[in-house]
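Presented sequentially are two complexes of chain A, the first with chain B as partner and the second with chain C.
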Partner chain A sequence: MASLIARLITRKNESVIKAQLPPFIVNFFKAVTLPSIGILIFLLFWTVGANNIDTSLGKFPGPSQVMTQVGNLFNEHVESREKEAAFYERQENRNQARLAKDPMYKPKTRAYTGKETFIDQIITSLITVLSGFVVAAIVAIPLGIAIGLSKSLNTAINPIIQIFKPVSPLAWLPLVTMVVSAVYTSTDPMFAKSFIVSMITVTLCCIWPMVINTSVGVASLNSDWVNVSKVLRLSAFTHIQKIVLPASVPAIFTGMRLSLGIAWMVLIAAEMLAQNPGLGKFVWDEFQNGSSESLSRIMTAVIVIGLIGFLLDRTMMQLQRILSWDKNSEVR
Partner chain B sequence: METQIKTTKLIKAMKPLTSAMSKMKTMIVATGLIATSISFGASAELGYPEKEELKFGFIKLTDMAPIAVAYENGYFEDEGLYVTIEAQANWKVLLDGVIDGRLDGAHMLAGQPIAATIGYGTKAEIITPFSMDLNGNAITVSNEIWEQMKPNIPKMADGRPVHPIKADALKPVVEKYIDAGKPFNMGMVFPVSTHNYELRYWLAAGGIHPGFYAPHKGDTSGKIDAQALLSVTPPPQMPSTLEAGTIYGYCVGEPWNQQAVFKGIGVPVVTDYEIWKDNPEKVFGITKEFSEKYPNTTIRLTRALIRAAMWLDENNNANRPAAVKILSQSNYVGADYEVIANSMTGTFEYEKGDKRAVPDFNVFFRYNATYPYYSDAIWYLTQMRRWGQISEQKSDAWYADVAKKVYRPDIYMAAVKSLIADKLVPASEFSSLKGEDGYRSPQTHFIDNIVYDGTKPNEYIDKFDIGLKAKDKL
Partner chain C sequence: MTVKNELLLDISNIDMVFPTPKGDFTALKGVDLKINKGEFISLIGHSGCGKSTVLNVVAGLYQATSGGVILAGKEVNEPGPERAVVFQNHSLLPWLTTYQNVELAVKQVFAKTKSAAEMKDWIEYNLKLVHMDHAMHKRPDEISGGMKQRVGIARALAMQPEVLLMDEPFGALDALTRAHMQDSLMEIQDELNNTVIMITHDVDEAVLLSDRIVMMTNGPAATIGEILDVNLERPRSRLELAKDTQYNQYRSEVLTFLYEKQRKV
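Moving on, here comes the complex of A and B:
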């Protein structure tokens, strides 16, 4: 097996295969088979490793336990939806009964009070990270462009950015929590406080990479293009729209991808720390439960978190491809 | 200028009026209560809840069962209450949640509403209309400490240790650690928790000094003169903290003692049932403001909780396996069924394999467990005084006053009477509460045989060898 792989990956053999096989098969081999082999080897190591680690909550979960938990978590979701339907039905009946007794009563439908399932938590986390990310982009990209265009502004703001950039947003979390509970005091809030807190935390960690990358992209604008703009006497707005933005799209997107990746990691930690709804809370709750299934459920969450992070990154990459003017540039 | 003076005058003139109005309000509420308590007829029917959507907090412990059962069995919905139940990270977060209104009510340590009312820690007026359970805690030590304690414990004929195990067996071990210059650390869940007082009671009864608090000097760590150093750890983290070696033992509620047995990392040595038979444990806490603003909701949630507690103890614990199943759901306690069942179904496993019958380890309804006794509140106050959390002497009347402020049997009785009127519970279940004055008769059954009389707190405080006397001040 090992020698086979060794032979497969040596360049010499690759050229031999290339010579003998049509190119689409080679491409297929590269795109599908090699990653599959990688995953298989990983699963093998995982299974063997998991079997040899004993914790006080039983053995470390292997791939098969995780698969079982995926099934369990999905079933729980389905059950919970059934319960929810029953809840609304009971509520409807109760409202009718009260209306019969008390015609002045205006029936209200109360939201389901049951627990959030794993799938609900995934959706919550996704919504939180995306809203925080969008807010950050709205602030950071114009700021980055401004800093990139103006040297003096850059000199003025740079120290602040450099100081706040290395701060873990988790350090902000207590401050954010206190400020939000002090400032955001509506009796019928549109968003839950916990959502606002998580979102601001995400925004705080997204802003810096975006500002820096955007400003660098803008600052390193090709001087020929700037000159073209000067020759054509473009207005400031048109200059930004036609020259600056298209030229710095790759840099802006690099910043956005970086920050989205960080945001996803930070959000999970923030949810764990602040007990805000989402995947982080799911992981923490399972850890607190300490049941024999806890570890495999946490492991399932870990893999799901990874998959979602991966998908988010790929989505950003596709967006970059679509929006970038230079379709030939390689995006990795 | 003149108008300004006029307005201030007007406001001054209004003041007695507004206070009279608020007095009238309380009177109306009070008459409402009396009306419900006197007439059993339909005329005094309990109104609809003023607030229907509620959020209750809890800590992952089996004694939160009444809340989970009231939800799962639909008792809350029967009252027209739509309740969301949310696990909290620790007792401080939970208390702050109730104070700042994020939570409408919560499963609380009995000491929390009392401490909040007298202003130890966060000051806030919290009341309790419902006592959640009796007993349910235990003290666990690590395997290492257990091995050293074992030679000091007398054995029964079959070789198993004689229970209850007193802290006398631990004393030589603690002394050995102190001589070696190693601090003897133990965990409890909160400075005003039942667990803190129980652990202190047990240690002190065995001659180990657990340390004083001196809040007037800014010392709230409770380690003055201590031989055993107690610190706070949230309940679900107890087993892992013990495993990490940060603490040598802890006092906590279930399932975290049985968890230590299952994980093989520690041995429960004594249950609180053995320290003080049928001691009051958790309460359901709400703010005083909530109870005044939403009187019907308060009575209705108390009704739901009473029904849940009855269900839990019905037919000699027949429903306990079903309750354990509910509790083992990941959104409630979430530990394994076997771990929770170990203590909830009338047994308790000490050393691995040494499973003994403790039918009253968790009592939710029997022995008037749900009635908020003034004497229970006063016991906690005496312990706060004993360990210096209350820094100066207080009169017996002060103790009674605080208890009356926090513990609200009036609300409880209103709920009971309306439940009986609605034929949801048989009157016979509550017959022993007729003419109840809120004080249990002097209680024996403490591990050190000291008798507690709730009407004489100062006399009680003077009975202990270790601890501040009524007149002492640090």
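Moving on, here comes the complex of A and C:
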């Protein structure tokens, strides 16, 4: 009897607590507090772990060193921009002065050649990954649709895809570098060679997941929708535009999200390997530099790379939410 | 009853053989049926007897191995909007609203003959006909199964087909919704007087809706077993018919065919 009363009381108390807590507080707790606890525990382990690792470049960087470096890297960027502005101002003044003395003088303008800052490298890497991704999408989605629609084409192309899919794009890198050097020989190039090389590497690794997912999406088209299209006598073009494309949007997005994630990882490695401008080069340069600050700067880059990768994925997810009709498909 | 004796559709001695890895499978053997304009025909039979195959041949989705289908003097050899199909699973395109689903069909059929404003009116008219004008801008996943099937019917009607083919249109619905849909369909039939071929395995549905019930034997090599003329006054009311001796007579004839003569073992 006593236990029954006790149980009733506790149950009553629980419901009272629940009633007192409005749902937004419960949601806030779930959405903010729990991840915060996770991050705090991680930071704790990181600090303790870092303090116990001694390397030839000093102690492994902990969170506080990384925070300092974030400030440093940002200030370096601001300083570099000021230097650049000052350089151009000096050059302009000098040219004006010579022009005043000698009206026949043709002024020379030279570009500023300072070292790229951390933020420049971030922007370079982002532009590279996005252009490589877009080029891959332009090639892969039509190809995927064609393969999905035609069984014979699929049978013909599938072995090639299956063989090239598992190849790390880094293995292509030397070939791409040499071919670009040989083929891309404009005197006034629109893009830097290093950019083209990195971009093609990204494209090579993006293409396969996109082709495969698109073709699977197209091939598994609901047969009822195909019959609707037949009964309406839709032309091949209208059939693709009105039925095939919208129907495979969810699959296409799955492929795009997968490939963008892989592309970001591969790009950093490619930049390290090829010494092409970007975050990978930043990491490698710092490693070669070997100052007492190098490790903390690399650790900062690691975290920034992670954050950008996360943001890229979230952006794709939001795009998928907006553009895909299939709101039920689990979006994670 | 109006006299309906203008021949519209001639299903002429159809055989259907499907090649399988284990050899040929004869699904249909000598299916022969003439349908007049404005007739409502039900195809009834046990599952697997080839009802859908008959419908698909008429729709042009399958090609008969021998024999053929002639619609209004022309041989059928490919699908087309003059033989609109209402599929069992509504088959609406989930990324389009109900309006857009009907619009796709209307634009395809009437792009050359109707103006944009006329097409809009026609789409709205058809959605109103199936009582779906209140949900014109909803997507299929926002409406119930019965509503989806209504839109599927509106889409088919909007093509103004010479013959409307329905493949177990209400098979996936619960009994109450199904009854409601049958009443709606009869209402629409009173207004438009379409020629309809409907597949069903519901005896009550067949007797209630049809002018003739075509009963199919069990496969393989299924064919038409018996044809029952249903001479009941229209408009028909399910409540009154429930007590009607003639209605119950028709019902028992179909039941006898299905469960005595063509008993499934």
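The criterion applied here is as follows: the second predicted complex is superposed on the first by the 296 of 332 C-alpha atoms of A that agree within 3 Å, B and C clash if a C-alpha of one lies under 4 Å from a C-alpha of the other, contacts with A are read in each partner's own complex, and residues count from 1 in each chain.
Here, a residue touches a chain if its C-beta (ideal position, glycine included) is under 8 Å from a C-beta of that chain, and two chains touch if they have at least 3 such contacts.
Keep in mind the model is a prediction, meaning the values are calculated, not measured.
**Student:** Evaluate whether chain B and chain C can sit on chain A together after superposition, giving fit or clash.
**Tutor:** Superposition check on chain A shows chain B and chain C fit without a clash.
**Student:** Please work out whether A:Ser291 is in contact with chain B alone, chain C alone, both, or neither, and reply first, second, both or neither.
**Tutor:** So A:Ser291 only meets chain B here.
**Student:** Per the contact definition in the header, classify A:Arg110: touching chain B only (first), chain C only (second), both, or neither.
**Tutor:** first
**Student:** Between chain B and chain C, pick out the one touching the greater number of residues of chain A.
**Tutor:** Partner touching more chain A residues in the overlay: B.
**Student:** Given the touch rule stated above, what does A:Asn75 touch, chain B (first), chain C (second), both, or neither?
**Tutor:** So A:Asn75 meets neither chain B nor chain C here.
**Student:** On the A-aligned overlay, A:Arg98 touches which partner chain: chain B = first, chain C = second, or both, or neither?
**Tutor:** first
**Student:** Give the angle at the C-alpha centre of chain A formed by the C-alpha centres of chain B and chain C in the superposed arrangement, rounded to the nearest 10 degrees.
**Tutor:** 150
**Student:** Using only C-alpha atoms, work out how near chain B sits to chain C after the chain A superposition, in angstrom.
**Tutor:** The answer for the closest chain B-chain C C-alpha pair is 53 Å.
**Student:** Residues of chain A touching chain C in their complex?
**Tutor:** It comes out as residues 222, 224-225, 227-228, 230-234, 238, 242-243, 246-247, 249, 325-328.
**Student:** Which residues of chain C touch chain A once you look at their complex with the stated criterion?
**Tutor:** 59-61, 78-81, 83-85, 87, 89, 91, 93-95, 104-105, 108-109, 139, 141, 159
**Student:** What residues of chain A sit close enough to touch chain B in their complex?
**Tutor:** Listed in rising order, the residues of chain A that touch chain B are 56-57, 90-91, 94, 98, 102, 105, 108, 110-111, 113, 115, 181, 193, 275, 285-286, 288-294, 297.
**Student:** With touch defined as at the start, can you tell me which chain B residues reach chain A in the complex?
**Tutor:** Checking each residue of chain B against chain A gives 48, 52-53, 60, 71, 74, 77, 80, 82-85, 87-89, 93, 100, 102, 236-237, 239, 243, 259, 263-265, 328-331, 333-336, 339.
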